[in-house]
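Note that chain A is present in both complexes that follow, paired respectively with chain B and with chain C.
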Partner chain A sequence: MDVAFWNREIETMDRQRLTELQVTRLRDTLDQALHTPFYRRRLEKSGIRSGQDLGRLEELRALPFTTKDDLRKSFPFGLLAVDFSEVVRLHSSSGTTGVPTVIYLTQDDLDRWTDLVARCVVATGCTSKDVFQNMMTYGLFTGGLGLHYGAERVGMTVIPIGGGNTQRQIRVMKDFKTTVVHITPSYLLHIHSRLAEFDTRPEDLSLRRAFVGAEPHSENTRKKLEDLYGIDAYNSYGLSEMNGPGVAFECVYKQDMHIWEDAYVVEIIDPATGEVLDDGQKGELVLTILTRRAMPLLRYRTRDLAFLHAEPCPCGRTHRRLSRILGRTDDMLIINGVNVFPSQIEEVVMAVPEVGTNYQIQVDKVGALDRLTVKVEIYPKMFTGDAALLDRLKARIAEKLRASITINPRVELHEPGVLPAFEGKAKRVVDNRQEM
Partner chain B sequence: MNITQLSVFLENRKGRLAEVCSLLGRHQINIRALTIAETESFGVLRIVVDKPEEAAALLKEHRITANVTNVVAVEVPDKPGGLAGVLKVLADHDVNVEYMYGFVEKASDNALMVFRFDAVEPAIKVLSDNRIRIVSAEHIRGL
Partner chain C sequence: MAKQLTVFVENRPGRMKSVSDILLENRLNIWAFAIQDRGEFGLMKLIVDRPEQARLVLADHGFACALKEVLAVTAPDRPGNLDRLTTALLDSNVDIADAYGFVTPNDRQGVCFLEIKNATGVDLEAVVTAAGFAVLRDEDLYAS
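Let's turn to the complex of A and B:
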């Protein structure tokens, strides 16, 4: 198999030199983190007053974890380590409820992120001759712009189309002979089911590769996509706290995703005890970013469950491979590639006076796509007998939910007492989807 | 001159309507007129019964979501053009009808039309002035 590298020296660096590089960069990162009140307090408690106080890489384990909650509490500038005027890009979680989180990048940080993504793109065999249709959301989401910049850097022809409008996606694929797409696996499956509607067969497309990510999916699903379209599909992992896409990506061997250890210190921990586990053991992925001056994050708990492969990959890269994401440590849902926390839905429902406090969230698979239904009970005292009012109430709830979670839920109004009521921590989510 | 209508919220579940009607029946409550306003996912059952206060209490006791609304019951000759005549009078006097539904009475040549008006008092005045017979609550009870 032909193996190409964007940066051969780093990608095939021997483990010892790689570790030394990590230590150097981690020291710089600690110095940078000390500029923020948040980390200064924590680092000094752990006896670190400068990056030089770090001896060996393992000493990182003495530092406490950073959580999503820490990011919320620090919003907006608590974790910013440079002057705001140096920030050239920021990405934030969207939605109108709850406290958002944000990440910042200087020009250097952005260049290094772009470089990482370019590395991923080349690892899959893409070249400047490829035509790339970027079907992930642009805007504050990192998925769109992240891949966009990396693909442009490699010299691919980039079509910044974003998501949705299936008819147009297919039309554009044919017009410009798209060879690579960046998309969620469920949307790629969905498009296949609609090709015939637009007089198109897979053979009419020029597709050769798909970068799939943003939602967990099985090896079976990947193979299905490859068979349906006659392409190679590559798994991609990222999270906005760590810039976005580009954290880990499959190479041409497609045996799980190389995670770039010159840019991230990778740990797998036991989520209950915080103990660092060995390669091969499943646990929570914890990441420390080494290449972002604007906003360092140390030992960030991703809440994603995975394991690391110890064995080297036939491609010759020395950066370890991360398994598929196997689950979450929290209750976050992923619906058509979009992260949704049940608490966001709860916040909206509770603020609507016409519905009581009992609600239920149901997720189903309809064809290839996920469908979210939010069921609420109407509050008897608010019932006036007017059917049109209830219709408008339903629409209003759907609109508020959409503003918060950015996807379109179905809303069902129910009589009081119909939905299951639980005491204590209510089990509000019914997920009927089988593993994809 | 108002009578009481009960509006009942019914979710779109098999047998729900039958359950509610059966409950009323078991407690000797007689439905005089009814209609259902439906939407994609639920319905609002509107009923005029002979014993509205009892019915309201009964529904509440069984945790059925219901509301009480003032409507006006009008007698309309049970022949072609009967309803149109009444509606023309209302339109000529700018009386707005929110919704309406009808029943045929057993013991007379009249149909019973139930009207929900935006503004009840002016509507009642227009009907009375035009000698359109408004049916009282007592009459409904005794039908």
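Let's turn to the complex of A and C:
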């Protein structure tokens, strides 16, 4: 198998040197973190007044975790470690309880992120000859722009088409002989189901590879995608708090994702106790970013469950590999690649006066795509008996939800008292999706 | 004017019966009804002998329900009468949001209940009477 590198020195660096590099970068990161009010307080409590106070890498484990809630509480500038004028880009995610989170990057930060993405892309065998159709959403979401810049740096021809509009996606794939796509697994399956409608067979396309991400999926789904299109599909992992895509990516051997340890200190912890687990043990992924000056994050709890492999990969890369994401430690739903917290939905529907006290969230598979249904109870005192008003109420709730979570839901109105009453979050979410 | 009781009912087996059970328990008499299907729910529209009491007992059982004034029109059972009525309403620029009716079997009298929209400033009774029909009044409908 042909193995290519973007940065052979770093990607194949021996483990001891890699650890030394991590320590050097971690000290710089601590110095940088001390510029923020949030970390200065925390680090000084842990006895760290300068990066030099950290001796061995393991001493990182003595520091407290950073959580999504910390990010919300620090919004908008509490974790900014440089002068705002140095920031060249920000990405933001909608809040789970109304307060969003934001990530800042300087030009150097952006260059380092782009470099990591370039590594990922080259690891799958892509070259400057490839035509890359980026079907991920652009904008505040990091999925689109992250891969865009990395692919450009490798010299690929980038088509920044973004998500949706299946007919145009298929036409553009044919017009420009697209060889690589970046897409969610469910959307790639959906496009296949509609090829015939646009008089296209998979063999009419020039597609060779797909980067699939933003949605956990199984080995079976990968096989299915590869068989349907006759391509190689590569799993990828990223989250906006750690820049976005490019945190971990599969190489041509497709045996789980190399996680770039020169850029991230990787830990797997027991989500209940916070104790650090050994390689091979399933737990919550905790990441410390080492390459972002504008906004350092130390021991960030991703809420994603996975495990690490330490055995060498045939490709020669020494960076450990991350398993597929096996679940979440919170109640986050991923719907057509978009992260949705039930609390976001709750906040919207409970603010509508015509809605009663109970609601239910249902997710189904319709074809290859996810469908979100939000069921609400009507509030008897606001009921007028007018059917047109009820239709308008449904439309209004759907529009408010779309504005908050960017997904267009189906809204159903129900009689008061028929939806399960509030008894913990589990009952409010009914996920009927089966493995694709 | 006649009072229509609109009840929001979940679209699942047994829900209509729950409504009729409650009305029966309270000795309420249903004169006319219609159901508007809206997918996951339906709107059950009832004309009963004691509308306010029916609303209270259903609300007591947790139902979302509301009373609304509707136009109750009587006409002899003769071809063309509905057409005459709808023509008269159209000429007065009022909209019919919903309507249901029946013919009494013995005296061949048609009764029609109409939910009217955009009737502000229109004397509905005058329009109906001019077309040759009668509007049922509270004293015709409800015992004191």
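Everything below uses one rule, namely that the second predicted complex is superposed on the first by the 425 of 436 C-alpha atoms of A that agree within 3 Å, B and C clash if a C-alpha of one lies under 4 Å from a C-alpha of the other, contacts with A are read in each partner's own complex, and residues count from 1 in each chain.
Here is the rule we go by: contacts are C-beta pairs under 8 Å (C-beta built on N, C-alpha and C of every residue); 3 or more make two chains touch, one makes a residue touch a chain.
Since we're looking at a predicted model, the values are computed, not measured.
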Key: Three-chain arrangement built on chain A, chain B and chain C clash or fit   = clash
Request  = Once the structures are superposed on A, label A:390 by its partner contacts, choosing first (chain B), second (chain C), both or neither.
outcome  = both
Task = Considering only the touch criterion stated at the top, classify A:314 as touching first (chain B), second (chain C), both, or neither.
result = neither
Request  = In the overlay, answer first, second, both or neither for which of chain B and chain C A:202 touches.
outcome  = neither
Query = After lining up the shared chain so the two structures overlap, which partner does A:64 touch, if you call chain B first and chain C second: first, second, both or neither?
reply = neither
Ask   = Looking at the overlay, what does A:412 touch: chain B (first), chain C (second), both, or neither?
value = both
Message = On the A-aligned overlay, A:367 touches which partner chain: chain B = first, chain C = second, or both, or neither?
response = neither
Query = A:380 contacts which: chain B (first), chain C (second), both, neither?
reply = both
Query = Do chain B and chain C land on any of the same chain A residues, and which?
reply = 378, 380, 383-385, 387, 390-391, 412-418
Complex interface listing, chain B residues touching chain A = 5, 7, 9-11, 37-39, 41-44, 46, 63-67, 69
Remark   = Note: in the complex, chain C contacts chain A through residues 4, 6, 8-10, 15, 36, 38-41, 43, 45, 59, 62-68, 97-98
Key: List of chain A residues in touch with chain B within their complex   = 378, 380, 383-387, 390-391, 394, 412-418
Query = How about chain A: which of its residues touch chain C in the complex?
reply = 375, 378-380, 383-385, 387-388, 390-391, 412-418
